[in-house]
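Structures are listed in the sections that come next.
Look for chain A in each of the two complexes below; its partner is chain B in the first and chain C in the second.
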Partner chain A sequence: MTPCPGHMWDGSQSSFTGPALDLYRRLDAMFVRLADRIGAQDYAFPTMISAKTLAKMNYFTSFPHAVTFAVALDRDEQNLERFRAEADRDAGAGRGITLTATQPVQEVLTPAACYHFYPLFANRTLSAPAYLTTRASCHRRETHYEPLRRQWCFGMREIVVIGTAAEARAFAERAKHEVATMLAALGLSATPTVATDPFFKPERNPLAIMQRLDPVKTEFVFGGDLAVASVNLHHDHFGGTFGIARDGKPAHTACLAFGIERWVHMICAQYGNNPADWPLADVETPPVRKRERVDA
Partner chain B sequence: MTPCPGHMWDGSQSSFTGPALDLYRRLDAMFVRLADRIGAQDYAFPTMISAKTLAKMNYFTSFPHAVTFAVALDRDEQNLERFRAEADRDAGAGRGITLTATQPVQEVLTPAACYHFYPLFANRTLSAPAYLTTRASCHRRETHYEPLRRQWCFGMREIVVIGTAAEARAFAERAKHEVATMLAALGLSATPTVATDPFFKPERNPLAIMQRLDPVKTEFVFGGDLAVASVNLHHDHFGGTFGIARDGKPAHTACLAFGIERWVHMICAQYGNNPADWPLADVETPPVRKRERVDA
Partner chain C sequence: MLATKKRSASMPPKLQKIREWIATSAGISPDDLSADTPLVQDRVLTSIMILDLLGIIEEVAGAPVDPGAIRASAFHDLGAIGSHFLGVPLGHGGIS
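Take a look at the complex of A and B:
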């Protein structure tokens, strides 16, 4: 009983084909058009991000429960022999597979699209604000999953600014306005709500306490409980951590993030299972632009 | 000294922006046009694939050295506390991070795009051949990596048939012809070569021995050592394993796979670093089609 034709669910992740895939792409194309209006340059990042980068953000202290590690076996031949003697049988039986000795863990599955940008701009001085965008597969371990609403792997489109405090604030204000306009144009209702990130033991984490004292995260909440987009002010947290300078000071950053599967869910919840009833049916995705500038 | 403007390398994976991203997308759009001519339906799959599915293919016995596991920590609070006490410091210092107790390992980073299709069609009887396509991020642990040529994470576009033995053979023949035509149109030279998969201890693996006795894999090899596309006949291996029937028998399958980063490499190796000299500059990616059929 899949509510959205062409959507498939394996218990923690979604696959797409047909109308659901089409809708997914039209939604992302709508986000890309917004990124274009903002003048954001598009990037594509790989699945993994280095643990070293996440450590600089204190990610492992703040979100140890959410991390998915990329782990490979030590290549010693006897180690591989020990592993393979059991693995196909255990995995086939639906038991978890038992790893033998592993290589040092240096990479993590990307937990948020924008985390790739800050190391990329590390130790640079910007003479103008940088507007950036990417769609990345993001990964968060949770206690339970729900189709399209809460997934181990999900698509996140982000638009990011790296600039002065005023440029970051102006971006965040515009982002909230643009999301509200987009929702209204699609006939959807999601309420802007002050929120905090899901820290481990928030009562003892200084970052979590800071977020409560100085609200920096606005989520657009659909149906009372589903955040479909968020606007985040990071102050100079990433600029300072990664040595990015703008106007003689550590750069400020802000981001606008869309959970693409959640927008698919919203459309189906609001308009039903018949693709003919969905909005965005006549919108075409933009063709690839002839030439793009590079400033990386 | 990046040879391709807009391409970035982190030691095992690539990121893209500007002209390199543009080229990457134009190449995939070219593969999608071929998939369209073949009548293949497009799918999008998530990062991970279940270990149970790979076990059915004896993947862990055959390629234990190549697997990347998706591993999360046991959520016990004391376990998470033990982990976070060290993790940010160790990862920040560039040492591998030490995992404390982990959850049972049930998921693996997708090693080949087409592996998602066989469980999807499991226990079905097809009244016509199914032509399918997807682009997936694929992951293979190797002893060394090279930008665009050999990556831990890379983009793979596949076109797949599930049908009778004759349908699979006809698809494989057409695929070889289409790849040769595509290469010629781009002014590129890659030689079709009989190949085998990189099995662990191939001399003792019955699947590897079978591959040598009955050649089923043709690779198009650029510059003497780089496989940029492969055409693979699986006989009824996947059809039998996953209970897919066609014409009263276990279905035969075949696939055509493109390593997208390797095509970016080929274009830069052949035409240099100036995007104005690249072919495909005037080709636009196809807009999203108005409606797609679903038969899943």
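Take a look at the complex of A and C:
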């Protein structure tokens, strides 16, 4: 991998400072600028999302291998005593922590940014399409990790529409066009490719089978194997599940997702490790973020 | 509607059985399901139905469905299902 100055790797997730952080912020600012043009309202959500919400989406059936649970210990004093007797020593020795009794898991770490929107709009009737955006730290367990390319925790910017079938389709088509334009403007090449989500046991998962019969996911693939953005049509899956109505019917939804670390990787792979050679120098990051900046 | 009934009348019994199962599961009349009705595009076929449909196809065909055969073109409509899984020649029932 081409080194990216200011990028730090701990084996499953990245930290940023200096030029890499600046690039990360400029990329997200570029995505936010697109969201602005689309008329999307910006949201900020917490790191965790309720297990009950994900269960309504059949998430645990479809992606049990990818879930990261927010686990809490049972508050029983003896249980806590048993836990603390071993935890620091085991974790310090690199053996990992063996949990004692835990409470039932009610929350998990967000696996996809757009999942926060559908419960937020539950049981509402929309008189116009809703265009929405958010950036989330997303978490997905993988069999292996690679710096900037495949991480347990990564930044995802999404732009979402909730509307009629025609509005969702029109958004998806525009999203593909906008991503292609964005890539071309940056001198990058990523090929639009029909894809499916990484379902558990896809051969017996009805949602996975339906994705093969009705391709609804287009990924923009860089270097032959790295999806840097995806456009997804959900039909009325979320609208029906969460009782969101538009034009007298269950709402249709679609989303455009950017994996921000992967865009950092793409630019370093394409332009090298000298920040002076990177594009996006003309993209302004929001002033408040500049004040937060800590130089290396 | 007349044309639909005409096409369905010429459907082989095995394909007719699949047609009736899909129509019942989708909550529509079999008369509204012609051999060239787009099953996925028109959302007649949903994810809730798909595993059972594979089971029906296997039962009617008397053979397991090859996982590699599960692709969009094979499930576009009843004519395509007949062609891919039952050996019904493409073009039967008004499919061109």
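The rule is simple: the second predicted complex is superposed on the first by the 283 of 296 C-alpha atoms of A that agree within 3 Å, B and C clash if a C-alpha of one lies under 4 Å from a C-alpha of the other, contacts with A are read in each partner's own complex, and residues count from 1 in each chain.
Following the convention adopted for this analysis, contacts are C-beta pairs under 8 Å (C-beta built on N, C-alpha and C of every residue); 3 or more make two chains touch, one makes a residue touch a chain.
Here the structure is a predicted model, which means the values were calculated and not measured.
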First, second, both or neither for A:Ala227, with chain B first and chain C second: neither
Which superposed partner A:Gly6 touches (first chain B, second chain C, both, neither): first
Comparison of chain B and chain C by chain A residues contacted: B
Contacts of A:Ala122 with chain B and chain C, given as first, second, both or neither: neither
Chain B versus chain C as contact partner of A:Asp214, first or second or both or neither: second
First, second, both or neither for A:Thr47, with chain B first and chain C second: first
Chain A residues contacted in one complex by chain B, in the other by chain C: none
Contacting residues of chain A [partner chain C, same complex]: 203-204, 206-207, 209-210, 212-215, 235
Chain A contact footprint on chain C (complex, rising order): 40-41, 43, 45-48, 50-51, 54, 67, 70-72, 75
Touching residues on chain B, where the partner in the complex is chain A: 5-6, 8, 10, 12-22, 24-26, 29, 41-48, 50-52, 54-56, 58-61, 64-65, 67-73, 75, 80, 83-84, 87-92, 94-99, 103-107, 109, 116, 120, 137, 139, 141, 143, 151-153, 200, 275, 281-282, 284-285, 287-296
